[in-house]
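Consider the two complexes below, in which chain A is the common component and chain B and chain C are the respective partners.
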Partner chain A sequence: MELLQIKDLRIQFNTDTGIVHAVNGVDLSLQEGECLGLVGETGAGKTTTALGILDLIQTPPGKIVSGEILYKGRNIREMKPHEIRDLRGNEISMIFQDPMSALNPVIPVGHQIAEVIRLHQKCSKNEADRQMLAMLEKVRIPAERADEYPHQFSGGMKQRVVIAIALACNPKLLIADEPTTALDVTIQAQVLKMIRELQQEIHTSMLLITHDLGIVAQTCEKVAIMYAGEIVESGTAEDIFDRTAHPYTKGLFASIPSIDRKMRRLTPIEGLMPDPTDLPAGCSFGPRCPYVSDLCREHKPELQEIGAGHFCRCHFPSQKRSPEKEGQ
Partner chain B sequence: MPVQLEVKDLMKYFRIPVGFLHAVDGVSFQLEEGKTLGVVGESGCGKSTLGRAILGLNEATGGQVIFEGEDVTHLKGASRKAYKKKVQIIFQDPFSSLDARMNVQSLIEEPLKVLGTYRNKTDRLEKVDELMDTVGLAGRYKTSYPHELDGGRRQRIGIARALAMDPRLIVCDEPVSALDVSIQAQILNLLADLQEEKGLTYIFITHNLSVVKHISDRIMVMYCGCLAEMADTDSLFEQPLHPYTKGLLSAIPVPSLHVQRNEILLEGEIQSPINPRPGCRFAGRCCYATQLCRAETPKPAELLPGHIVSCHHAGEING
Partner chain C sequence: MKRWLETRKLARKGEIRSVGKFSLMVRRFCRNKAAVASLVFILLLILIAVFADVLTPYDYDAQNLSEKLRQPSAAHWFGTDDFGRDILTRVFVGTRVSLLVSILAVGISTVFALVIGSIAGYFGGAVDNVIMRITDIFMALPGMLFAMTVSAALGTGIWNTAIALGFTSIAPIVRQVRASILLLKDQEFIEASKAFGSGNTVIIVRHVIPNAFAPLIVQIALRLGDTIMAISGLSFLGLGVQPPTPEWGNMVSVGKDYMSEFLPLILFPGIFVILTMLAFNLLGDGMRDAMDPRMKR
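This part shows the complex of A and B:
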């Protein structure tokens, strides 16, 4: 059964310079126990989508214009505020990108973990503290450090505290927004391993937001590639990594310096992401696409199924679909 | 190629209330003209301080920097100014390294004015046009301000400013880490082209191992202010000798489903560089650490030709 299903989600922000079309008709679905990677560059609308799921879009200036967010078949957009509050941090929780700013600097970390437990489980203070200490142990922070403040911890440990808060109530759905971007590579490896292990232990589904295709390859079974507020390609990890179809996805792979091969020059994607206040009429990737045609400039391509469960938003996906990625 | 830059036992300590922070602690290397030395390490390992000490932006506490045969460690006055024309830096963050109230033309003109190479305004503006062309900035951006431009274009301004003096050596301090991958590739290509055209020498500081592998001829791995390992790029990636380098390389997330790596997970975190005790600074996280490692700081030694490693047990570990 689908745990989360997003249908045609559209989110806009009203600014002085015009309407920012941040999310433009996103469809996503997530099965129970699955890990979905949502990949895209800065400004693609990944975080806005995630905040939309939790109804955390600041209104105004932001607004969910249309679409459905079905969690266990119920539309979150139609829920009452107190119902959403019961879900947030309890059944659906979020790991934020920057652990330095996600924690309250004047409250000891133990209290910050216990707070979410007390709020959702209506248990006694002692019971909450007991669970809090168990949580700290799970993320491998010594129990005696529960009374310390965030500034006394290193970046990696702070992110582990944030993970402990997110997982304290055994959520059904975990949204991790660039959980390791602020961390060093050896610490990143530790944190990713921990998230994976805990995810399996408590059978949580995960929506992992990242710009790093390497992390996705290690962690996710399903992948969705986002560009200018749209999903341009989605499918299993094999579909995306070995049967890449969309020119943007291909461009992303070509831009990454390879660790295994020697290349003289990289192949960047020319140009820039379109201005979200002024999106092109046709395909939003059209202005940067090497295969662009008149059809692309005039008509926006629909997301179409080009293989079982493999979707691509392109007028000409089949021609460019490579059986195995060229040169690898 | 002749050796252009020689760094001998360079040290940079910062005085802090509780003692000294050993940001760079005895780093030595040589760099040939027209080559690229990649400096990798995690945050706080001293790689940026090393770059700044070479430029003289932070005066070294000890050791020597020799550039084209001249000791440039403690330059003052006119000789310092002359040295600055030969070495330049590209900063990490194109969002904070540019004055928000200057337009593109004045930003690129500024170094030409400051170091007084072009007295005549017309000559200066001609040079600005030439520089904008070199780094691929269209002329129409001359009157734009930094906030109107994206990260990639802002970084091009930073590169144009560094190139203004026709330097011989450029320290690139994380020039692409604030950029998205598609833009990052554009900037890396530009840097490679400039090197080929002008025979520039680069010291390329980054934490991104894929990027450093792509651009460097030789790589230095730093850990907590010390040199852990230094070798030619291929040699380092094919045969890492230091336990830290091994862990670091295995932690790189590879964007492919078909790469199998034996994952070496490094437990623990970087030791504090404040008043460090003698002994190997990696010992706390190293699975091979012995009594000797905790007591005595290992000296860099050339274990294979051109492959330098600071580890007491590198020989045994690597059989």
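This part shows the complex of A and C:
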């Protein structure tokens, strides 16, 4: 059964410069125990989608305009505020991008972990402390540091504390919003490995938001590529990496340096993402697409299934033009 | 768990250096000599206020007209006033009045301001707008004049003076609280707390107010100092605490009539007003530095 299913989610922000179409009809589904990578460049609407799942969009200026977010078959948008609060941190949890600011600077880290446990499990202070210490050990922070403040920890340790908070109540769904972006590369690998191990240990589904395809390759079974608030391609990791169909995805691969290909220069995708207040009428990737045609400029392509479970939002999905050739 | 408990046990026995937040705070506070001196002075004032009746052999309103306007001597350390009453005794009893009124006044305004300011800052929008415009109206009135008006309307006496002064301090503290909360509201840890399922009350009480506490403490200490000054001001003008209850302000008020020939009556209460105000200000600064765990030194 699907743990999470998002259908046609649309989120807008009303700003002085116009309506920002941040998320435009996103469909996603996540099975139990599965790891889905949501990839896209900055401003593609990845974080907005994630916050939408937890109903944390600031209103105003933001608003979920339409769509359904089904968690275990129940629409989160129709839940009462206290029901959503019971879900947050307990069933659906989130790891934030910047561990420096995601922790309260005036509360010792141990208390911050215990707080979530006490919030969702009606248990005694001692029991919460016991679970908190177990959680700290799980993220390999010595228990005697529980009474220390966030500023006494390094960045990687702080992120491990955030992970401990997120996983303290054994959530069914973990949303990791660029969990390693604020960390340096060696720590990234370590933190990522830890998230992956813990995720498998407590059998949590994970939605991993990132712009790093390398991380996705290491971690995720399924991948969804997001562009200008839409899913442009989704499928299994093999579909995306070996049978790349959408020109944007190919562009992403072409802009990654490779150690086994000789390359003088990387091939970036020309241009910038369209202004979300003024999206093009046809395909939103059209203005940057090397294969753009009149059809693309006039008609928005639908997400179509081009292989079993492999979807692509393009009029000309091609599997023949392999990314290697494009990269030359 | 075991290791953690052992660490705690060791820390309690003093075998390893405790990392408790209180001891850290105390250690940081003690490094600030001026603040420690101020704290000692204020504690001394509190002792004086409590034991004012037994510290001197005189009664604060026992008149002795044959001994009036005497210069300081072994019998009367601060001299005697125009009715031959011991100035030292009256300054001590005045300490009680000043501290009591200023603590009451600041207590009243802090409680109200914390609630009003938190609501304005946290919820924002129309609520915030209405509250802040009302605050602006109060801010536009000169504080002393406003206190005088309220005091004149309510009447004199300890409670009424406290209410009058408390009322005038609400607006600036509301602003302070709101400002710190606005700053905090958009921090990621507040959002994180929401994402982990905390409700508004938990977020305000656990995450917002403790983080807004450092600036609030400074504000409270400053307000205490200011209020000491304001009480004296009101009493000086005859609107605050009324004679025969001694109060620094009304003593100075009497003293000004004899200023050219007899200094002690204006000098000693005046010195107490100034020192008390200074002490509260320095204490406030020291506490701010000590309470903020981000200030590591």
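By our rule, the second predicted complex is superposed on the first by the 317 of 328 C-alpha atoms of A that agree within 3 Å, B and C clash if a C-alpha of one lies under 4 Å from a C-alpha of the other, contacts with A are read in each partner's own complex, and residues count from 1 in each chain.
To be clear about the criterion, a contact is a pair of C-beta atoms (placed from the backbone, for glycine too) under 8 Å apart; a residue touches a chain by one contact, two chains touch by 3 or more.
It should be emphasised that the depicted structure is a prediction, and the values quoted were computed from it without experimental measurement.
Trainee: With the two structures overlaid on chain A, would chain B and chain C clash, or do they fit side by side?
Mentor: In the arrangement built by aligning on chain A, the partners chain C and chain B fit side by side.
Trainee: Taking the superposition on A as described, I'd like to know which of chain B and chain C A:D212 touches: first, second, both or neither.
Mentor: After superposing on A, A:D212 lies in contact with chain B but is clear of chain C.
Trainee: Once both structures sit on chain A, report the angle chain B, chain A, chain C from C-alpha centres, rounded to the nearest 10 degrees.
Mentor: 80
Trainee: Tell me the contact category for A:L56 with respect to chain B and chain C: first, second, both or neither.
Mentor: A:L56 contacts chain C only, not chain B.
Trainee: Based on the superposed arrangement, let me know which partner A:L266 touches: chain B (first), chain C (second), both, or neither?
Mentor: first
Trainee: After lining up the shared chain so the two structures overlap, which partner does A:A102 touch, if you call chain B first and chain C second: first, second, both or neither?
Mentor: A:A102 sits against chain C, while chain B stays out of touch.
Trainee: Regarding the shared-chain residue A:E238, is it in contact with chain B (first), chain C (second), both, or neither?
Mentor: In the superposition, A:E238 contacts chain B only.
Trainee: Determine, under the contact definition given at the top, whether A:E127 touches first (chain B), second (chain C), both, or neither.
Mentor: Touch partners of A:E127: none, neither chain B nor chain C.
Trainee: If we overlay the two complexes on their shared chain A, which of chain B and chain C does A:N90 touch? Say first, second, both or neither.
Mentor: The answer is second: A:N90 touches chain C but not chain B.
Trainee: So in the superposed three-chain picture, is A:I187 touching just chain B, just chain C, both, or none of them (first/second/both/neither)?
Mentor: The first partner, chain B, only.
Trainee: Rounded to a whole Å, what is the shortest Cα gap between chain B and chain C in the overlaid structures?
Mentor: Comparing every C-alpha of chain B with every C-alpha of chain C, the smallest gap is 9 Å.
Trainee: Take the contacts of chain A with chain B and those with chain C, and give the residues found in both.
Mentor: Common interface on chain A, chain B vs chain C: nothing in common.
Trainee: For a test of understanding, state which residues of chain C touch chain A in their complex under the given definition.
Mentor: Against chain A, chain C makes touches at 1, 3-4, 7-8, 19-21, 187-189, 191-199, 202, 206-207, 210-211, 213, 293-294, 296.
Trainee: Using the touch definition from the top, list the residues of chain A that touch chain B in their complex.
Mentor: 41-42, 154-157, 184-190, 192-193, 211-218, 237-238, 241-242, 251-260, 263-270, 272, 328
Trainee: Would you pull the chain A residues touching chain C in the complex into a rising list?
Mentor: Contact set of chain A toward chain C: 54, 56, 82, 85-90, 93-94, 96, 98, 101-108, 115-116, 119-120, 129-130, 133-134, 142-144, 146-149, 151, 162, 165-166.
Trainee: Using the touch definition up top, name the residues of chain B that touch chain A in the complex.
Mentor: Residues of chain B touching chain A: 42-43, 150, 152, 180-186, 188-189, 192, 207, 209-211, 213-215, 237, 247-248, 250-259, 263, 265-267, 269-270.
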